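Have a look at this one.
Per-chain residue numbering starts at 1, and chain names A, B, C and D are given in the order in which the chains are listed.
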Amino acid sequence: MRRKLRMGMVGGGEGAFIGAVHRMAANLDGQIDLVCGAFSHDPDCSLRSGQALYLPAERCYQSYQQMMQQEAALPEDVRMDFVVIVTPNHLHFPVAVEAIKYGFHVLSDKPATLNVEEVLELRSLIVDSGLLYGITQTYTGYPMVKEARARVQSGELGNIRKVVVEYTQGWLAAQQAEADNKQAAWRLDPKQAGISSCMADIGVHAFNLVEYISGLTAAALCADIGNVVAGRSMDDDGAVFLKFDQGARGTLLASQVAIGEENTLSIRLYGDKASLSWSHQDPNTLVIKYNDKPSLVLRTGGAVGSMANANTRLPAGHPEGYIEAFANLYRNFASQIQSRLLGETLSAQALDVPGIDEAVRGMVFIEQVVTAGNSETKWHVIPQH
Amino acid sequence: MRRKLRMGMVGGGEGAFIGAVHRMAANLDGQIDLVCGAFSHDPDCSLRSGQALYLPAERCYQSYQQMMQQEAALPEDVRMDFVVIVTPNHLHFPVAVEAIKYGFHVLSDKPATLNVEEVLELRSLIVDSGLLYGITQTYTGYPMVKEARARVQSGELGNIRKVVVEYTQGWLAAQQAEADNKQAAWRLDPKQAGISSCMADIGVHAFNLVEYISGLTAAALCADIGNVVAGRSMDDDGAVFLKFDQGARGTLLASQVAIGEENTLSIRLYGDKASLSWSHQDPNTLVIKYNDKPSLVLRTGGAVGSMANANTRLPAGHPEGYIEAFANLYRNFASQIQSRLLGETLSAQALDVPGIDEAVRGMVFIEQVVTAGNSETKWHVIPQH
Amino acid sequence: MRRKLRMGMVGGGEGAFIGAVHRMAANLDGQIDLVCGAFSHDPDCSLRSGQALYLPAERCYQSYQQMMQQEAALPEDVRMDFVVIVTPNHLHFPVAVEAIKYGFHVLSDKPATLNVEEVLELRSLIVDSGLLYGITQTYTGYPMVKEARARVQSGELGNIRKVVVEYTQGWLAAQQAEADNKQAAWRLDPKQAGISSCMADIGVHAFNLVEYISGLTAAALCADIGNVVAGRSMDDDGAVFLKFDQGARGTLLASQVAIGEENTLSIRLYGDKASLSWSHQDPNTLVIKYNDKPSLVLRTGGAVGSMANANTRLPAGHPEGYIEAFANLYRNFASQIQSRLLGETLSAQALDVPGIDEAVRGMVFIEQVVTAGNSETKWHVIPQH
Amino acid sequence: MRRKLRMGMVGGGEGAFIGAVHRMAANLDGQIDLVCGAFSHDPDCSLRSGQALYLPAERCYQSYQQMMQQEAALPEDVRMDFVVIVTPNHLHFPVAVEAIKYGFHVLSDKPATLNVEEVLELRSLIVDSGLLYGITQTYTGYPMVKEARARVQSGELGNIRKVVVEYTQGWLAAQQAEADNKQAAWRLDPKQAGISSCMADIGVHAFNLVEYISGLTAAALCADIGNVVAGRSMDDDGAVFLKFDQGARGTLLASQVAIGEENTLSIRLYGDKASLSWSHQDPNTLVIKYNDKPSLVLRTGGAVGSMANANTRLPAGHPEGYIEAFANLYRNFASQIQSRLLGETLSAQALDVPGIDEAVRGMVFIEQVVTAGNSETKWHVIPQH
């Protein structure tokens, strides 16, 4: 019989942003209990953070290493089932490695690692261990994104010719952003964030969304990236041309200095039969357009397919948002673990969680887009690992 | 020190709709545990439903009477803190009475009772017991609804002259709706729903929203209501003129047969200085308009006031929806209970939950709108109880 | 062979608003020449206005009476073919009578007269004279309004159950509006405007739009109208319940004090198979909604019917607006005149101009809505003349 | 004293598209008479077309050469004042040259010529002759585009950092488009259209709009263009990175195969203080966004600046569209001619018409974007002629 799953968290202590979002996503469906955490590199902060979450002191750990070790030593019906990693980027890889070492499944925030080399190593570890790995490319969790993917798969758009995707924000437009804001500071610090700010933080979401919905594989890119705000050592803005295996072309825009934009993620796919568009600003709507027929407006909870419906909680017209999309990743990843525990085959829905392959694609994209942005050569191949 | 609160649920068993929504809302912030329930009048169903929610069998009760009695007998650090009522309408009142009898706070779905007489009795019981009572007029939970109220309170709109509010749905447009759908069946059955379908189910939300945002008190109404689909004994559509104490006039539309509408709730207030509009279809946006200046677009998470921000969980541009709004009612009601437990004064935010006064207003509205709809007289006074 | 038609104008001199709109509408298609006018009751102003429009002095008349008389005396291939009336309301009737007396077709701004008695007399004169009469209920000129009507006629919506229509403006929200603005002054002066401001100026457009699109006939109404701004003797705001012959019910909102609204005209029709919505703020879009299928978005110039296409000038995506809609009335009315001149039968398109019957309906609506608004009785029959 | 201006047209005969649009734009304000034309290379078609426009046979010319010669020989108060050129692209240059030779002002559709060499020669002829030249980069005619430019000029956005512009259409998505459609056929025929289809037809509008609104000058570009539909020898889709003199970067998208798109032109500018966005699908709205304040929504006819108002004909809320924008170019160009005739200085408004300098920029853009699209080199300088 199913039981509630037990989650441990690394990162997400006081003042963090994404950790709280992960917890709400994990809570929503009442299928997962947070049972322990190493919430901060500062042991006091970790303890305070855990107690504010009603955890007993003995399961508020002083380090992620301690957490893995001590949880592994607990009885099977007490210890955590999986680890969620919500630290700044540079710790995603070492924490995942440690979790795998102690036999815990991993759900990681993105990007998976700091570079391609690490992510390929991580993939080997995952494959060898047989453990489950998920990465929170959150936007794939939206029902209408899943509907878009299903419509492309069913051939409704015909052959995809062109893709236009964008993720723009304005929050780093001001020079003092990094001084004023803890979230900004680490994202603009190469030691914590890696080689890229804008493309690693949000460009990679746009890239993932394109490959997820279209089913295409990007084969080459050309990039124009820039440090718009003076004094930054990493990209805060950029644009990319994409060429796909199957002949389609695309453009990808990402910016952290697009003043007035909130989290403006949108995508359009143009096939030779129809096109579709989806926007994060109106996430429960999917529009399909034709040249010679009225456009169709599909709505979450309405006349849509089974994968969209399986990821919907409310009747049409009651808006579902970012936390619900995030919770879909949690619910589907939890479903994978439950199937393991019960010895069941994974359903298509359970499998519909970005995993290590998407993690690899993301890191390859980030490395190549930075390389291309700094190059006078036009096209750069995107390696298939 | 704060502890997690313990919730018991009456109703919400297998196949129910709103019970699951209440549980997600209660779960979201990790501040409330569901510890027991009487999920169905059918004891087997109640047990199955509770076990699917990971409750121990001994706290899956056979009736709400049993639940109150046995929970009251549990040690103080085990028994539930409050009861949430998510049954069909006709049970809201008796369950609340029973809960009060045993000293439990009550959070009830709307409408509070089947008629004004009952709700006035309920108010007496609440007042006499000193217990806390909340009613889930959900839409007041949206951050931009709270911002709208704050803007009106601050005088930004001047004197309100006109209000236009609407809640339209299409799901009962077909004659077979009640045969096909358990949710439809009880709402169209006077024994379970009371004297009204459309006005009691959704019209009352529109009415509550007007009084919540505007701060005005409706003094009289004129109504045209109808049973559009043949064979129904209750209203499935209607429109109302409203007169307010302070001279403003309003119109309220509600329909369950507006084919193609999902849960289309919208409100506009026109003052003598400015107007505002909010729509449930785009709930994170609030528009303020003037005659001689550009319109302002306010956004959840953006440049808004403290009450809106206190009811927001994400940065601007990450859409928050219905569950988050619902969870704001839970969070604020939980805050009331926590304050009681800790002997603290209630904050403005904690107090910002619809309570017994709103419950009374809702029942008065429902009774008067049905009376007026069946009358050839134009205006009907709305009594102030 | 077709020739350009010759138009004479009464009203529309310096400082007028609607006269210039009529001229642009008449100019657009190059089928009509303005050849003369009595542009003002002030002969100097009439002359100045005419000369600014490149008219010879001898055809800038000192009064409409003089214009009718002298034009009638000109050779057939010189004199005007029809008169357009763009004065304040109180002159619509006498000018039309004078035009008919001299054998000129009439295109009149609305409302046709000051009361029902006059409009019935006007109808007799028209019928007896055999002359053509059009009334500029402008909004019926939009291609997507015509498409809406065609969709209803084809049965696509099934039986209409409910209609929601609204025309709101904010320009008279301030007390000083009538002092500051010539357009406001005459609309709020009963001597020039008649018994109603808001309902006669814009409510009547909403009423006409409902009957035009739905094909229904309103049979009774209940009204709440008010003089919101102190000191006014006429309505500046109101709401109406409508009952239609065929059992449908409707609501109509109109306001001149809805601060921040521009010319917000919108209409929704709910049938038992589908619903449709159209808004003047996005006039080239028509949405059709279902309960169990995706919504359809129809667009001017796109996949729409023949009547919409015949009233469209541009490819889809090049916005057409108010002047084009207005020009459709002119083009179709001109088509009627051309058919007379050439002895041809009128096409369906030529006939698609609001005429004397719509003029009568409008006056009946205005009278009854004011009567009902001032009455304590709920329902008032709308007479069928 | 002002008189009506006299216009001659080259091109625009039966079956043409843009000629009719030009005539409506010229008609709208009643300031211009079409007096003659060489409407087709087929003399019979030219005659039939002219007579359908109510022109006398003697001014329906057999060729543009004949028209220039014979009109020049007419008395000064009869002959045309200016020529409008609405032929396929390859004739724009020779017709303009001929008009200049005979001393007529020229208003030309875009692109001005087939290549940069020709347009530089044209510029010399214009400068030497002292004649007036306008080019119908239509979208600069929209009031809210003018407002956008004014807001940038006033410094409201601060320094522009990034520009995103797009013009997408779907009408050439199908392979048979060129066979079925006269408009498609010439645009995809290099002999008539020049070296580019997509970029010369619509990309150039996007480019012009960027430089018009931003006041920036594009200095270099990188392009990915393609012939998406098999068998075409010219681009039907493309994307461009732009670098501007002042450090801003931009992206430009254009496509004729974006199925379902109508004439989707949109632009966003991001400065270091604010951003703005405008879309042709909602042309009467301009949005200004900030990071720390509510967004502003500006509307045609509302609280906007003098240049926008001078190009607006209606009160706010009465939609103005493409023909009105086009007519603004005509009105302002006519104003230039009137000023010449009256010996007056040109007003800022009269000067606000795209002219020979914009024509040169357009041709340089078209040539460079095709060069860059066919090159493996990333960046290509845009010469400043």
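The criterion applied here is as follows: a residue touches a chain if its C-beta (ideal position, glycine included) is under 8 Å from a C-beta of that chain, and two chains touch if they have at least 3 such contacts.
Note that the coordinates shown come from a computational prediction; the quantities given were computed from them, not determined experimentally.
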For subunit A and subunit B, chains touching each: C, D
Chain pair, A-D or B-D, that carries the greater number of C-beta contacts: A-D
Subunit B and subunit D: spacing of chain centres that average the CA atoms, whole Å: 55
Approximate Å spacing (C-alpha centroids) for the pair subunit C, subunit D: 35
Centre distance in Å when subunit A and subunit D are each reduced to the mean of their C-alpha atoms: 44
Overlap residues in subunit C, where contacts from two or more other chains coincide: 171, 261, 288, 290, 295, 299, 302
Residue ranges of subunit D in contact with subunit B within the complex: 287-288, 290, 292-299, 302-303
Of subunit A, residues touching subunit B in the complex: 3-4, 17, 20-21, 23-24, 27-30, 34, 53-54, 169, 171, 261-264, 280-283, 299, 301-302, 313-324
Subunit C contact footprint on subunit B (complex, rising order): 161-162, 164, 170-171, 173-174, 222, 224, 226, 228, 237, 239, 241, 249, 251, 253, 255, 257-261, 268, 270-275, 288-291, 295, 375-379
